[in-house]
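Mind looking over this structure? Questions follow.
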Amino acid sequence: MTSISELIGLNFVVIGPTLTLLVTTLILLFSTISIRTSTVVKKYITLVGVFATLFAIFLKFGLFFSNGLSSYFSEKILLDEFSLFGNLLIGFVLIFTFIPFWKTSEMFSSKTTEAIILILMSASGFLLMVDSENFIMLFIGLEIGSISLYALSGLNRGDKLSNEASLKYFLLGSLASCILIYGVALLYVSLSITGVYETSIAISFIGTDNVPLTTLVGLIFLIVGLLFKVAAAPFQAWAPDVYQGAPTGYVGYMASVAKVSSFIVLARLSAVSLSLILDKFELFFSAIIILSVVLGSLFASNQTDLKRLLAYSGVIQSGFILAGISSGLNGISASLFYLTTYIVQLLGVFFVFSLISGHMSSDFSIEKLSGLFKDNKLLTISFSIFMLGIAGLPLTSGFVSKFILIANLWSYERYVIVVMLMLSTVAGFYFYLKPIWTASIQKSEILKIKIKISLVEKLVLLILSFLTIFLGLFPNGLINLTRWVIENYL
Amino acid sequence: MLEILLFFIPASLIIIGALIVVFAKNPVHNAMGLVLTLISLAIAYITLNAPFVAMVQMLVYAGAVMTLFLFVIMMIGVDKREQSTEKIKGQTYLVSGVFLILISLLVYVAINSKFKWSLWFPKVDYVVEGTPQLIAGLLFTGWILPFEIISLLLIVATAAAIALAYDSKKKSTDA
Amino acid sequence: MIELIFSFIFVPFLGSIIIFLLPKTRSELYRPISIAISLITLTNSIYLLFSEYSKTEFNILYRFTWIKSYGLEINFGTSGMSALLIFLTALLIVLSLFSLNQLHAESKGFLGSFLALHFAINGVFVSGDLISLFIFFEAILIPMYFLMGIWGGENRKYATIKFIIYTVFGSIFIFIGTVYVAVISYSYNGKLAVDFETLGNLNLTLTQSKVLFLLFTFGFLVKVPIFPLHTWLPDAHVEAPTAGSIMLAGVLLKVGAFGILRVSIPFFTEGYLEYRSYIAILSVIGIIYGAVVAIAQEDIKKLIAYSSISHMGFVMLGISAGSLLSLEGAIIQIFNHGITAAALFMLVGFLYDRRHTRKISEFGGLKITMPKYAAIFLFTSFASIGLPGLNGFVGEFMILIGSYETFNLLSTIAALGVVLAAIYMLWAYQRIFTGSISKEENKVLKDLNLRELISIVPLLLLMLLIGVYPKLIESFVTQDAFAINSIIKFIIGMK
Amino acid sequence: MIKFFILLVIFLPLVTSSILFINKRIFNEKFTSFVTLNISLLTFLISVYIFVVFSLNNYEGFEFKLFQWIKLIDIQIGFSLNGLSGIMLLLITSLSLLIQLFSTSYMSEDKNYNSYFVFFNFFVFSMLFLVMSSNFLVMFIGWELVGLSSYLLISFWSEKTSAVKAGNKAFVINRIGDFGFLIGLMLIFNNFNTFEFNLIFSQISLKSESTLTLIAIFLLLGAFGKSAQFPLFSWLPDAMEGPTPASALIHAATMVTAGVFMLVRISPLLQYSEVANLIIISIGLFTALIAAFSAINQNDIKKVLAYSTISQLGFMFIAIGAGAYVAAIFHLVTHAFFKALLFLGAGSVIHAMHHEQDITKMGALKKQMPITATTMGIGTIAIAGIPPLAGFWSKDEILASVFSKGGVYYIFWGLALAAAFLTAFYMGRHWLLIFQKENNFDHTHVNESPKKMLIPLIILSVFSIFIGFINTPLFHGLEKVLYQSLEEVYVTHLPEGFTLIALALISIGIGFSGLISSYLIYSLAVHKKLDFQIAINFITFLKKLSLNVFYLNKIGNFIFVASLKNFTRKIAVVVDGLIIDGAVNLVADTFNKTSKLTSFSQTGQVRNYVMYFGLFLVLLIGLFIATPLVSP
Amino acid sequence: MTQKRRVQMLEVTTDWYLTLSAILFSIGFFGMMIRKNALIMFMCIELMLNAVNLTFIAASNHFGQIDGQIAVFFVLVVAAAEVVVGLAIIVSIFKKQVSASVDVLNISRG
């Protein structure tokens, strides 16, 4: 006679991270609304919350090693390697997002609370999304995340760009989630299932040849909804405008967390749900990859605003990652490695931006970098490292990830894709070197205030650039991790 | 015969409402069109054995959500009617093209899947009435987690709304 | 031994870090410290030359598992050719550090990135597998980017970007080739092993080896550079600072030829035999074309740059001929041209420091004001013309003699380059140094000072020494040439 | 022991030049001249000793290796002593001694006195290196070094642009020759797998004639370049920009004869190729005629001698072509002496006239400088071929051996006679215009050159009187010396008895007639008295022609200098700049343009984005549905 | 007989509802593309969400499951939440430039 809770599979360790974040949020909310707590206290509350979350994530690891691959809350929450990897990445992103508040908490004390709350909530939402086994659950998690991101991008109310960004992001984002949920509905309508594993089971049950068109279109809608979040061309239009408008301090978080969660979900989809019918999607994915790298390179190469440039480079990177994800399990592991390294570099770059031009500033034109080398060596060097990493120069993690990815693609004989990716890399050197040039070589015409960096921020910069180099020299551990993620599915 | 009527009357109303939403110039009319659509959707739900959902639809949508809409419309002002001329080049043609293709595509998809159903998932011959009991039963067992998480969603919405709209500081900075 | 190999990589690397960490106030210390560091490498390289490893063909001395799950390794090793080129690099680095003018000598960034460049180049020469080869090959770009970008001439942005993009474009092909061969070797022995021993044992199909040869060779030829792909070179040379162009002409061009000798020919020999005649044609065109264009140049650096194209054409001719003599000659020519071109650029740099122009028309009659300089310049020009008794002659002579049996017509045409070389070098000498002094500024020019003499004279001695007694360096290259040639012979025999 | 001495002879001059080079500052002129004179005297003595030893073990040639140059193909740096090289050795060392003696006073007021001797000794070294070589590579090295040192000496006065231009011209034209030599080497190595003369000559008989001809022709190109034969001769007259003593040694006595030397050295190879011989003789003849004809109207005292050198070299080539190698060497030797004499004489005249070189501005100098006049007179007679002076024997031997070949060679013989006549004629003119002809310049300030200059003149004149006797029909000294080195070569021999006498008489007559006619025209001006109006235009035309050397220089300049510059400039600008680099830039520009165009689509209009969204959604789904159709 | 067939023909199947929802969805999309007023674009999103709901309901009716109807709940709540945030954004923008037209929002482009 098992209790109902066991029947449902109630387990709070699985949603531990989400709960800790939720609790932290609530504490912050009440502390701000009821008693006027000083920003320092808020900071510490936040920090404690974040580290508690990390702890919870490690608890999940423990659970996984005891139970193995298992689903909870009656097939709503899934505990598998992908979700663990996603949790780890999101935890990483969270930590390196909260450091900027050390500097800005004094300046923007009014805004920080809301920002912190929004960030924490979106993180919890994306955590759920990564964990979810059920597509509706996924939808809810995605919405929790996205809604707070909409608000986050509009947080800088004094700025027209910020408003515009938030509105665009909101309209397009909700359109995307409409499409996603419509896809879920079509899936449900065709197979009466709304789950990741159910889908693969159903497909294997009815045979890959006679999968209903409705199912396939539903899956495509679902995937498109996710592709929108990772800003893969041709659904990239929102990204540059939003990145440009959103407060610089949060763009890194917005970009990376959305990419992480959506890519993890995509990876799980292609590893589990689509594993049988992946070849049906090859042309579809190839079109998206090629569009991403080509359009991304073309757009990026004449940008004067660095945040837009980064957005477009993000488009290209999405193309790369998608190429791995869409081609098979080894490709997925390569993509996960790529994703990780890219997240590190992305966070780094945007951290540098937020250090240079205030935390809430919106647009970031390339001139702001001119004469940076004279002003601040550390910033310039780490910035160059991140950019070169994104460009994929050897001795940085970007090279290793590209190499492994390309090697896998080649073994999957996707030659056209490989060639396109490589060409985009060449073009990439053209437009990634421009800002480095401006930062390290060009003399600045306008004299600007000296940039002061606190110790913690120096530390963060060093850690991130160290990671970029380290993963380029000794990628073994991370690669083993990514291999471990896909091992059981081989 | 009756069920055909029960399909076509709400269906036509839904479409008409939708068209009003899309084409009416006055925001209030749009809102009314939306209300029409929602209500007739509720009717359709009832015919689809989902009375409870229909109720909720009436209450939440036609009630709360539309009120919000109207409130904002009043705030923004009805008198300003948006200019109807299209400024973006080529938008019209592309839009209409996209619209036609999309609608035909979706309809094709919808129709196309019929025979698959008859093969794999034939329509069940029994009827499951979506009564509150049933729904509650499921909500509080299988769907407990999403149901709880929804609250988180609402908190997020509130926080976001506050973050965006509430500005006491701004005035002080302006002054 | 392995410590020695590592020292070539790490000593310059640590050196550059040390330089970057030095206090801003003690700028007079920068040059001595960096010279000391590079002298360590120089002594090590001389030690390597005298060790037994400098008389052998390539063998891997150290393996280091890089990525376990893919079976990727980083291997280091050395051979006579590598030892020779490492020595050349170290020597040029030391001397160009001596030759730096005050502006560069007191700039942290310059010296730091210069040592970083040394690190990357050495890495290329000791790398024992394609991955590390590619990594270092690309790593060269970073210091060059800053050297050219920060301390370059007026038009440096265009030149730098062009240089980078050109090279990256070339290396993309190497990258794809590496991936391809890695995947092939995966199918053989279950891991992406691309070290030079494994590659030797792969038995590729004809098409595979053709494709791979084309991929790799194209990438390397961009660096050499061969005729239609050469246009980055003059711009880069003109805009780079003196030390930069010394390294560029002295070593970086050689990296391409080195790669072809180390990778393309031994492992993808069928492809090589298939396409070598085209390469030979291109390189002969390059020889003549480079010389002809050099005649018309108004800028001294441009002139030397085009002459480098012509001389590297000889190297490529020797490589594509593939006979024992021509291969040996090619390697020797690599070394010799490294010395000569470096010396020429150094001399131009001295002149540029004095007059801040490189236009030939700006000079004339300098022999009167700076006789030592004129004499040294004449000496070096004759070395580069290929006068017997100086180093330039040895390599080209061996190449021509050796490549005759393979391409008799082509090598006959190539001999014409010798005549043209005399024309452009002597004409330039005539316009710069002889006649009466026309410009006022030239009347007050100072002759070479001690520092400059110190930095140029060793090169002159080397030119003379090698020219008179080429056996000295021949002993280092024989084994490599023999190894490559025997593979070629073997493949021809199989057909 | 002898080996050591040979090395000593070769390398002493190098030692000298390096000593002088190293400490320019410390040495004053006296010490410089002391060092150089003594060392060259020593060199001369050693070479005499070597030759004596050599002749004692009756001209038994031997060779030795110094060290290995390249291991792979076993190229050795080696030297050999045989009749040929022995003779050259003596020639070079003796002449260099005399000429250096002359130079010490001629160059005395030059500010680069020291470096002049540096170059001079370096030249001697490289020339000895060349002649003592035991294989082709060493010979080639010496060959190039000789070219280098001649470049250095021609452009010695580097402030004069014309001098430097002449130097470049000389070097480049020599390089064209060396280009041929180099290809010859490539052919030789790929056919014989060695550069050693002996090994090559021993296996010549195994090779086909066509191969040998090919090799010979390419080597010939080298010889033409060095010895200023027809297409490649225009550098020699320009080379007169250099110091006169240098011209005496390099451009008269030794270096220009390197070609002849080389051809004689490879005579075992040469004799098998009929074609090559014909080319040699015809080119030699042609050159001899052109040069002699052009010499007639030159007014520069040195240019005349330069052209005469060219034509004399032509004679030597004729001899080689006719297979009379001994005669060629014989003429080489004699010519070396009297041409050196003439040059030095010219030098002393120039010195006395304070660097006035135009002979029309001279005249009647024999009162002021009698010794110079007499010695130069001897030289003139010698070159004109009047017995018993040196020129007669050698030239007569050449003509006789050409005649003795018979057949088509009769024509060659006739033409050669014409050349001989012209030689006598212009030499006579030369001497007369300088020393004899009365004209209204006052040469009171002119006076005889110092002793240091006169002694070499006298010695040389003595030589040019008697040197001819080393190889008369009665006493074949030279043949004995050369016997061993020309062992397996078929050498054309002189006709016997009456024919020989007749030929001798004819050539003597030619010589006399040439001198006499020049005397008639330039001293007595007969042509003024008996005027033949008809021919006057023709004669002026001839004058112009000979003055401008058949306009060969102008044509050459036009083709090789002017058009080369334009051509290269066009290539550099059009091909390199516009086509190749343009293509590269075009790619970049297209990329930029495309990216600009693309970025217009990012209008910032949210409705536009929605539209893209829908559009691509539709397209992608369409593509997906079409997938089975597209992908097989 | 014929009548019977007509009746047979005119039996309301799930396809009809799916078609209806498809049309509704497309109309919503269409509206988003042509309307300039942010508010009305927003209403169009609501239309699309309702189309989704309709699909869910029809499917649940077809399969005789409740899950579809529960899914509708969540969609509904999400819609409500979106309304809140969206309206907040629109209001905050409206405070600056007194129009809800999205066409003027094109500062960031290219």
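Order of writing sets the labels: A, B, C, D and E. Residues in every chain begin at 1.
Keep this in mind: a contact is a pair of C-beta atoms (placed from the backbone, for glycine too) under 8 Å apart; a residue touches a chain by one contact, two chains touch by 3 or more.
Keep in mind the model is a prediction, meaning the values are calculated, not measured.
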Given subunit A and subunit E, the chains that contact each of them: B, D
Among all chains, whose Cα centre is located farthest from the one for subunit C? B
Measuring centre to centre, with centres taken as mean CA positions, what chain is farthest from subunit D? B
Using mean CA coordinates as chain centres, what's the gap between subunit B and subunit C in Å? 70
Based only on mean CA positions, could you tell me how far subunit A sits from subunit D in angstrom? 80
Using mean C-alpha positions as chain centres, tell me how far subunit C is from subunit E in Å, no decimals. 67
Compute the distance, rounded to whole Å, between the mean C-alpha positions of subunit D and subunit E. 99
If a residue has to touch 2 or more other chains to count, which residues of subunit D qualify? 599, 602-608, 610-611, 614, 617, 621
What parts of subunit C, by residue number, touch at least two of the other chains? 165
Subunit A touches at least 2 other chains through residues 136, 140, 143, 147, 150-151, 154, 157, 166-168, 171, 175, 186, 189, 192, 213, 217, 240-241
Could you please write down every pair of chains that are in touch? A-B, A-C, A-D, A-E, B-D, B-E, C-D, D-E
In their shared complex, subunit E is touched by residues of subunit A numbered 136, 139-140, 143, 147, 150-151, 154, 157, 160-161, 163-168, 170-171, 174-175, 177-178, 181-182, 184-186, 188-189, 192, 194, 240-241, 244-245, 303, 308, 363
Please output the residues of subunit D touching subunit A within their complex, sorted ascending. 591-592, 594-596, 598-599, 602, 604, 606, 608-610, 612-613, 616-617, 620-621, 623-625, 627, 630-631
Can you list the residues on subunit A that touch subunit D in the complex? 167-168, 171-172, 175-176, 179, 213, 216-217, 220, 224, 228, 234-235, 237-238, 240-241, 280-284, 287-288, 295, 297-302, 427
What residues of subunit D sit close enough to touch subunit C in their complex? 67-73, 140-141, 144-145, 148, 151, 155, 158-159, 161, 164-165, 167-168, 171-172, 175-176, 178-179, 182-183, 185-187, 189-190, 564-565, 567-569, 571-573, 575-576, 580-581, 584, 588
Contact set on subunit B toward subunit D in their complex: 88, 91, 94-95, 98-99, 101-102, 105
